[in-house]
Amino acid sequence: MAPSQPAHVNLSPAELSFLRSSLSQTPPIRLDNTKGPRDFRSMIAEYDVLPSTNGSARIALEDGTEALVGVKAEVEKSQWRPNVEGRHTLSVAVGVDVDMADDDGQEGEENKGKGQNGWIEISVEIPGFREDDALPVFLASMLTESLLASGELKDRLYINQRFHWKLGIDVLLLSPPLSYPLALLSMTTHLALLTAHLPALKSEKDEDPLFDDDWDAAVPLYPKHDAQGGTNVDKPPIIVLAIAVGSNIIFDPCKEELAVADAVLAVGCAPSNASSTGARIVSIRTIDPPAHLTPPAVPNSMNSATGGVAPASTADALTQRELLSATGVWTPPRGGMKRSLISQVTSMVVGKGGVAEEVIAALQAIEVG
Amino acid sequence: MPITIRAPNLPTPHDALARAASPSDSEMSDDDLPSGTSGTSIVTPGETITSDPQWMRGHGTYIPPSTTTIVSTVAGHLHKTNKLLSVQALRARYTPEIGDLVVGRIVSVGTKKWSVDIAAPMLASLPLSAINLPGGILRRRTAVDELNIRTFFSEGDLLVAEVQSLHQDNTASLHTRSLKYGKLRNGMFTSLSGAGGGVLSRRGGVVRSKRQTFTLNTAAGEIDVVLGVNGYIFISAHATSPSNAAATAEDKDISITRLDEAVSETLYSSQNDEITPGVLREITRVSTLIKGLAAAGRRVDEDVIVRVYEGAVELEAEEKSLGITDKGVGAVGVVQAVLERLELGG
Amino acid sequence: MPSTLPPYALPGTLLGPATKYLPGPGTHIHESHIYSSIAGNVRSTTSRAAPPPTPTNKPPTTNTPTTPSTPTPANNTKSKPLPLLTVSRDDAAEGQDTMGILGVGGGAGNPILPEVESIVLARVTRLGQRFASVEILVVGDSVCRESFQGMIRREDVRATEKDKVKIEESFRVGDLVRGVVISLGDQSNYYLSTAQNELGVVMAKSEAGNTMYPVSWKEFVDAKTGARERRKVAKPF
Amino acid sequence: MAALSDRRRINAPSGGTSAPVFSKALKEPGYLEELRPQRIRAPKELRKIFLQTSIIPSASGSAYLEIPNAPSSHPATLIPPTSSLKIAASVQGPKPLPRSAPFSPTLLLSTTVKFAPFATRHRRGYIRDAAERDLGVHLETALRGVIIGERWPKSGVEIVVTVLEGDEGAWWGQEGGSNGSGWGLLNVLAGCITAAGSAIIDAGIDCVDMVSGGVAAFVQDPSADGRLLVLDPSPAEHRDIIAACAVGYLHSRDEVTEVWLRGDAGLEAADSLIEGAAQAAEGSFSVMKEVFIENLEKNGNAQGLEGAGGKRKHADVEMAG
């Protein structure tokens, strides 16, 4: 796993072995036995908690982990860049924009502004970590790349040729990370973005921007309806955490479950453009399972305190340990993840009626309800 | 529905306090309530409890110099024992007391002792001289034991022990010199206090009682529950008693120390026995229920656990027969459902 | 899998089924087959003759008949010893040639860690009431890339009259000590013992800073000044 | 990161120096476009890989990886059309943990990925920035899965990867600069995995397998309408990268220890991207294998008599997926 500090597993080998054997049952027995492998831990969510932001949300998990996200939009002057024709056009970000077949700056782009990656800034703060520690950096970059890949958000930040919105998304974990906080942070960010509003623009074209001071007139950052009046399906991405234990796949693991995982996968997904159901993948990252750092159990046969004989040399110990097939002795997992398992996870996440769809729907329901 | 999201519940202070305070209320008669408590037995830091000099100050209180007023220093329930006034904090770390049965986790291994986390503000210590050494009869420790200290307990290992003594600075010294203490395995650990206390567990904890360890009979088999006074709980598959283990072991030489040997062979094992899936499931069920109890603000003791466990099994069986497969209600949901039924039933 | 072993292997190379061989250093088992875990030459030795697997390979099964969890393949070895597969780097076999202090030829040699019963050379760094701290410089015949922290407890200095041992009469900071590792110890220390005749201080300088030579089992003499200093002296070879 | 500027050294002007714009590019509108490199490799063909181990004498294991740039199609301009990848990885240890460190039952791994200041068109600072830290985490994940850490208790190993020249994210002439959306980082990661994977084998640390890196991407197909899967994409050669994926792949176990996928990938696309990246990693693997076998054979014959110079070896392997 990314960070070495919170990943530090402090469970005894006997506990690890116990957890592993319960999670590898079919169906797996989870730590909270009322939950199935696809179930998320129950949580408490609310939005619009910070009045001085454009959008905010707070989600608390039952283990006490709590995240707070504030989205703040500020008007910023766009950078000017001389074009080859000597005409001034907005500099264009290159990359993920699929729909723009031709972006070499020859065509007029006044009609539709294009956003830049730099207009969105995500910072993640976790108590007990420095800003440049591995965990916050990793979380921030995963959140950023999912957000940038998932749609036209950055294009909506375009005001006119001279100005744009700069979106600052500040993610705060209010408690020390008791479990791997990625999914929690992404859900909170999702909710904050979903409920974020930008003041309505009153000025036209390339004038200095002037905004309506009526908050009721503000436009949502993620409009519910597109220009044609149809429902807009563009929503912020969410990231789902899944672990594999043997052939079982378990979603939203708690700390103890994470500790015995063979592999951990974070899947970022956004609602699919094409249909109202299902989702599409915008990013995948593996996370190092903390089990790699756990101590292997000393089997009774090798422990002088339990009537066994301690091996005389490390070479000997190695042979005995490798031959160990007795169940109930914890051995840290080795190697990686089978590709078939990854595709199983992704299809469970983004398939029809998959986990992503349900989570997005549940978060949507908060705003509606 | 794999995901349950609830709106934050606004605190209902009056209701919550009344319920939480009820056990201690009964022992305090209204007529001699000291002044300044405004009807409830909850006091906050700085609140004057009484200025009557007849009362003596106890834990959680303080008398400002040159006055006779007793002032609370913590937020919690007011307790009165004869003329002694003490305030028990609503939420506090565990303070060890001699004789407490605690569940602890090894934090570090020293040359002659282990440091153990027992949820107290300071780590407890377990000297090498305070454990049962393997090899039968209680023997003196040797230099070899010191070198092999890690074979007994190493970092992360769980153990059940008794608080043997307290030092000046309130650090506890533990011992495991009894066959009922020692390393824990074949089960899982649950914590009701410490860092795990989140939004859902503001109250609750383990009740100090006569019996901290008990065996629960389930359909799948027997389950041992160790309720550490410190809020650490270990639930495991029932260990076959030492005599059985010795009988099953095909030992040829029958000696007096045989029983001890059989014990010592598994005393420091960190290898689990074979546990049937049924037992695994029941162990996690008990652990979930205990967490749910804590989250629902109930104090946890043997009686409550047994009752809630039986209720939950019954509830599940009924739901199954009715064809309800209501997964994902969460620990608190189940516990609350069971408690409601129990209260309805009497 | 062909029945013949490849002459050399890379990590992940399949060497053979676990029922036919025993895994030795440089190998691991994955799904009951033995694979190599380092890049090097493959050797197969029957465990009794070979030096790396000491004869104590078997005792777990013979000493403790009651231990239920002894892995089954190990039981088979009692009747018919399986050949032990090891993968080792070439240059490690030649040892001293390539393992210099400067580490000639990057990556040469197996990284070494002290293990129990290794004879080591260590330099005393600090003296305490009950122990002497040392840094282990040489393990067996190989010079360590970096020194390991070690510790000699007072009771491990001499084999006899342990109670009368005084650390400051046995070692001085800077002495070179030959010792044997008795425990991998806690935290960062390895425990050493010098409680044998041939173990102890092998090289020492006097307070005047001159080299000394041993004169008895507990004294060194300064070659220049003739001053005597007390040490736990290793028996000269 | 700008706030964390390095005060101990004299730094280059903070404005940075961008690639020169020649007057020809301004006068002739089409000229710049002419310079845009085109992919001439087949979609499944990898670039050439050069790998050499044991290059740093003081390290216990080291490797150097180079993926040279494509020959320039336009000799008229000074600016190289594409970037190349040059990575040096070194392994220090396993060595004892510092005194203050707590007991660790396994080998502690610390990975550092650092771009040399001159590694990209725009000069980079001395202090590791977020992208470099992120790469370090990815690399650690890739390596942690192959190392058998339990065999080295109480020790640590430091893996230092220096990117001497990094693949850039987009063509330099494109607006927005050569950084693009950071697609080049995936190539850098794959290179780091291959180089660091070779270095740990060179150091003789127990591994369950050899880990190699590979990248695959979906690009906008210029000829047909739709997406095209290409292996080992050089971002400068592709106008639009839709999604890309880097993996750390274990050849004989057929497992992946690290997946980094970004961009708008559908469901099936994600699977085929990982599949493609594994194929690309297979290519790097065959180079690694050849290098190590050649090393072993040489050692076996010459009994390790030669010095460091004799160990040099050279593998230019033409890869065809």
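Think of it as A, B, C and D in the order they're written, each chain with its own count starting at 1.
One rule holds for everything that comes next: contacts are C-beta pairs under 8 Å (C-beta built on N, C-alpha and C of every residue); 3 or more make two chains touch, one makes a residue touch a chain.
As the structure is a prediction and not an experimental result, all values here were calculated from the model.
Common neighbours of chain B and chain C, by the contact definition above: A, D.
Compared on C-beta pairs in contact, C-D and B-D come out with C-D as the pair having more.
Separating the CA-averaged centres of chain C and chain D is a span of 38 Å. Averaged C-alpha coordinates give centres for chain B and chain D that are 52 Å from one another. Averaged Cα coordinates give chain A a centre that lies 48 Å from the centre of chain C.
Chain centres here are Cα means. That of chain A falls 25 Å from that of chain D. In chain A, the residues that reach two or more other chains under the touch definition are 295, 299-300, 307, 318, 326, 328-329, 334-335.
Annotation for chain C: residues 28, 30, 66-67, 69, 113, 186-187 touch two or more other chains. Residue positions 102-103, 105, 146, 148, 208-209, 250, 253 of chain D each touch two or more of the other chains.
The touch graph of the protein chains shown is complete. Every residue of chain B that touches chain A in the complex is listed here, in rising order: 1-9, 105, 134, 148, 151-152, 154-158, 183-189, 195-201, 261, 264-275, 277, 280-281, 283-285, 287-288, 291, 295, 327-334. Remark: chain A residues 1-2, 4, 81, 84-86, 91-98, 101, 103-106, 116-117, 132, 134, 137-138, 140-141, 145, 148-150, 265, 272, 278, 280-288, 292-296, 318, 321, 332, 334-339, 342-343, 346-347, 350-351 touch chain D in the complex. By the touch criterion given at the top, residues 102-103, 105 of chain D touch chain B in their complex.
Those residues of chain B that touch chain D in the shared complex are 108-109, 154-155.
Within the complex, the chain C residues that touch chain D are 7-8, 10-14, 26, 28, 30, 35, 37-41, 89-92, 94, 97-98, 102-111, 113, 145-149, 184, 186-188.
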